[in-house]
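What follows is subunit A paired twice: with subunit B in the first complex and subunit C in the second.
Up next is the complex of A and B:
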């Protein structure tokens, strides 16, 4: 989307930065507020950007239309932040279908819900399933996504069609993916027929121990194109000179891929891995629609367990405690993600403000 | 495809001078032809085989699907005719279109203002807000669904406003969950716009709001389309909130399909054909949107990073 490698605009930016740097006459004015400096300076230095040149001058600090933040900000506070805090508070209450109506007066029981969740529910089982399923499905999707990206990188006739087809599983809504695979995995259904054709008897897919692998398979089918997309982005950053150099060295295709091209993919693909983990740990729709409620024991993932505890057992306080655990669970990949992602445009010092 | 550069720039150290489109094919070639064919054929099969089967099943009889036939025993369009009465799909699709469509419009409109301020102005807490936008996308829905439900029910008890069971409840919820993502997509887009036009307009005495509507808005259509479509998809794809907060009148297509699937499986032979037909009908708007705006969307997917 942003095409940053435009030489003309690059030089204009440089000129503007220089102009700012050499023009301290505009710097001090009564309307220049010293806010944001601490928040800004540290990442700026980390990114190697010459901050003082870009700060405190120009129109950006006067007449800031900060009111434009209000509508979106207000909504997010009401529908996300407040419920988030409320959810954490509810996890400390003895809340069931009898006390829900007057939830404010529900008895405060501190950490009893957490104790119960740990000692007498399948919480750890759910946590383990969620994490392991997310990990396995993301790991297996990676070679598929990378192979697809490498195969569609060079132009050939019909490449546009192939690329569109590859993305279809990803754009299909989760509930559609789950519904159609549920039908295909029915006892006596098409998948079982396929196995029997090769002389194998796989047993049930939607019940019993196979469910875990059914879920992983469907998750891979639905989400590998995301890895593919980010791998494609990585491949496009491979320099033409790099190709020429490896051709001059007479590198074989495999050596070239392994030592020249794959290093370019490390960043994008790691990012895809983290985001994939985040999405899969939070994924409710796929297991919910694929296996229904109550879920088989082997796919009682944390989101499903939380949902069942709320809307089947009506133990709302206990469910809120489980949900808080899932919040803690995603905090780790989320932290890595926030560290990795580019918050600001380091290449445009003028754009930092 | 310049679409993916937003992400690649972040992690690839060197700013890349891309050569023109006339690359020498042999130099940039990554795989030998035989392997290329094998990889593409294998993955295309992996993707297309299930899709083909779904389509064939949707024009097949239920018994034939239950038996596990790949090739239909009969070819009948009946399933596509019946779903409108049996699944309640017409009602569901109408609700989905109204809720997801208005979510898309409002979230795109709100996110451009927010993103513009975040990109072009410096103020205290700006980076915190940007981090917050990313973090909020990852808050588990299962944590929020109960408190949101309780809050909305309380509004009926204390304020006399009925939110649960109406499309308004879903609209507000989806709008809020769409906003962090839409705003982030707009932030990555607006960053790429040159500032010169705005500066010129400012010298001419334009207000910030004037600059936003007269300069930024006309330049931002690709970003607006992407952020609107993602908001639409969020509303269209949700099952969690819709399953809790709707009644039969306000249920979305996703919930209608889910309820139909669970109820029909109680019978002797479930209505597989109708299930597949409705699944395809529910997927169709999304797939068409995607194919139509593919050029913009692929870049947006990698920039925003979260489905």
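Up next is the complex of A and C:
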């Protein structure tokens, strides 16, 4: 499906292959790419300007000016690597309110925090809740977002208004969303009245087993527009000719959608899926505002658990260990997923040379 | 590694804060010279961290400006106020300051947070000389000193204001039900509440906030200490004591057995319970403080309500138990602490001396409603409207156990209520489930106490 999902990069790859085939030094012959555009211009100009030593090679292979990465790399080390290493180091310390003052000298206890995190906290329960809730809300939000994008794809009167309305849940701050829904889900609140009108007694929404579904519901409400946005972006990239061609072939709307349009959406939507998942796993504001601290057992999510361990119990070492464990637990499937959908190298086909 | 979880971000943020502040190093230098009585702080600046007052933001700015002027007159030094918005904010601030050894000279701390702050050893334990600089220990309401340190000789927190808890009652409803005076025992209160309840009119005996993030553990603590169980005995947690279970049963029983509470209250926070009371739909509103005066005086209930002490006799008892603590309220309010790393300690004490003086304390009470910690100032307020019960409660407030583990214990107590709310809503909290939850709380508390140093 790569051909369909990424026509632009595909043609670039073809151009590069063609260029390489025509000799490393000078690429003068007009390379005609599959989609009919001529690719000769770029190397030709480069050849005219470059000094003889480096000409024609382009910025791709050897002699890449890697040193130019130094500022960015340095920044990455300071902003990401150093804190991460510090976090890992912290997870090996007995760091709490009693040792915080001289935290460098906090007792080194190796993996005791990890043992405690795994054996006597609700860590796995938290990870399971976080991942499952994220997965369910993302999966349900996807068809809603895609349907909304398809529905507003063709111009109609008032489309701009509808599109703006769709974005309202997304632009509202999480805190506001949670506060509004908490008010509605309260005992004696509007949602309960709604259920009672139909003769159902749903019980409590903000405590007990229903909380999990309440959270999923509010999360979907707040996050489907994100999928919608990315799906919309994907739809914009569908070539007009493709629509015409399929219409000429007599494809009906569903066939067209399934075999022509959806392949274009695969990239953006799998991206939306992964970003959505990560956002949900990281979401602290929503459960915190909806359910408060301490959280009901059914929504004792990972971020909430870590927050309580860090800032209510002041066990910084333990919470760092919990964070590292959950990072590993979540990073593995994530890595597999990224490999599977080839999101991480879709933009640089053949980039590794 | 950009796929960090929130958790990782939290620890990264903490780590980064620690790292950055550790690199900071000391910049300000020079000790303040105190010669004799007056402190000469010309050219120096004292840094004070206070919580932002969201109810009276303008007044707070004005108060800060006034104090700055007065402080300049007295010492010649400048004052710089910084504010924090939440306890979490403050904790972060303390963490970074503690690690780096620089930051505010004086902090304002919530009382229940004082043991935790004390455990960091970052604040000055006052010597006799230090006390003299701020007018002596006798200057303060002695009960307010109860949570300033682990024992009488090791006090770090200087009481600044008190916010004792009381209950409000609706005079009209009580009169209509033929009740002369508010109850002084929990059993008596439940009886009165039954008389005040009339579900057909949507009227209930008490407004209780079962879903509040703080309220529930205060009831359990109060009823337990009144029964003679202080929850913590040295290094031992005593949550599995029958008194604690009895407290929970009483607290939940108002809804499940006595049916004197609006069933919707399983979802209420303190402010929602206050709204219910202010609408005239409840006879009593428990666990409130002077902060509710403005709301009540603006409500239709204005002039028809007053405060009373909460019961001090444990459930099942007809009078306060001898030997037990007759606590009417937790010791609540703000303490001031001086940072150990401060290079302006004398100036800091001069500031504390200024703001805990009788006049300043009364002025503060007038503006913000918080009760004075200054004993004279407190005594002079007794006759003001609604103040009788409040000042009385301030003197009958007792400290929660002074241990760094208290934060965890408080959370564990609260968690019992949170996990019981579904049962509560169904009208019955099963005995076995309650015992199990209390046992969980006991285990968590004991674990935390074992770590306490």
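Everything below uses one rule, namely that the second predicted complex is superposed on the first by the 245 of 353 C-alpha atoms of A that agree within 3 Å, B and C clash if a C-alpha of one lies under 4 Å from a C-alpha of the other, contacts with A are read in each partner's own complex, and residues count from 1 in each chain.
The rule is simple: a residue touches a chain if its C-beta (ideal position, glycine included) is under 8 Å from a C-beta of that chain, and two chains touch if they have at least 3 such contacts.
Predicted model only: the values in this text are computed from it and were never measured.
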Discussion item. By residue count, which of the two partners contacts subunit A more extensively, subunit B or subunit C?
Written reply: B
Discussion item. Contacts for A:80 in the overlay, against subunit B (first) and subunit C (second): which applies, first, second, both or neither?
Written reply: both
Item to complete: For A:296, select first, second, both or neither according to whether it touches subunit B, subunit C, the two together, or no partner.
Response: second
Worksheet item: Which holds for A:96: it touches subunit B only (first), subunit C only (second), both, or neither?
Response: second
Discussion item. By the touch definition at the top of the document, which applies to A:204: first (subunit B), second (subunit C), both, or neither?
Written reply: second
Practice prompt. Determine, under the contact definition given at the top, whether A:258 touches first (subunit B), second (subunit C), both, or neither.
Written response: neither
Worksheet item: Where does A:314 make contact in the superposed view: on subunit B (first), on subunit C (second), on both, or on neither?
Response: second
Discussion item. Once chain A of both complexes is superposed, is A:324 in touch with subunit B (first), subunit C (second), both, or neither?
Written reply: both
Response to the item:
subunit A residues contacting subunit B in one complex and subunit C in the other 80, 82-84, 86-87, 90, 100, 103, 186, 188-189, 278, 281-282, 284, 292, 302-303, 306-307, 310-311, 316, 319-320, 323-324, 326-327, 330, 334
Fill in: Residue ranges of subunit C in contact with subunit A within the complex
1-16, 18-19, 22, 88, 91, 95, 98-99, 116, 119-122, 211, 213, 263-264, 266-267, 404, 407-408, 411, 414-415, 418-419, 421-422, 425-426, 448, 451-453
Worksheet item: For subunit A, which residues are in contact with subunit C within the complex?
Response: 80-84, 86-87, 90-91, 96-98, 100-101, 103-104, 130, 186-189, 203-204, 206-209, 278, 281-284, 292-297, 302-303, 305-308, 310-314, 316, 319-320, 322-324, 326-327, 330-331, 334
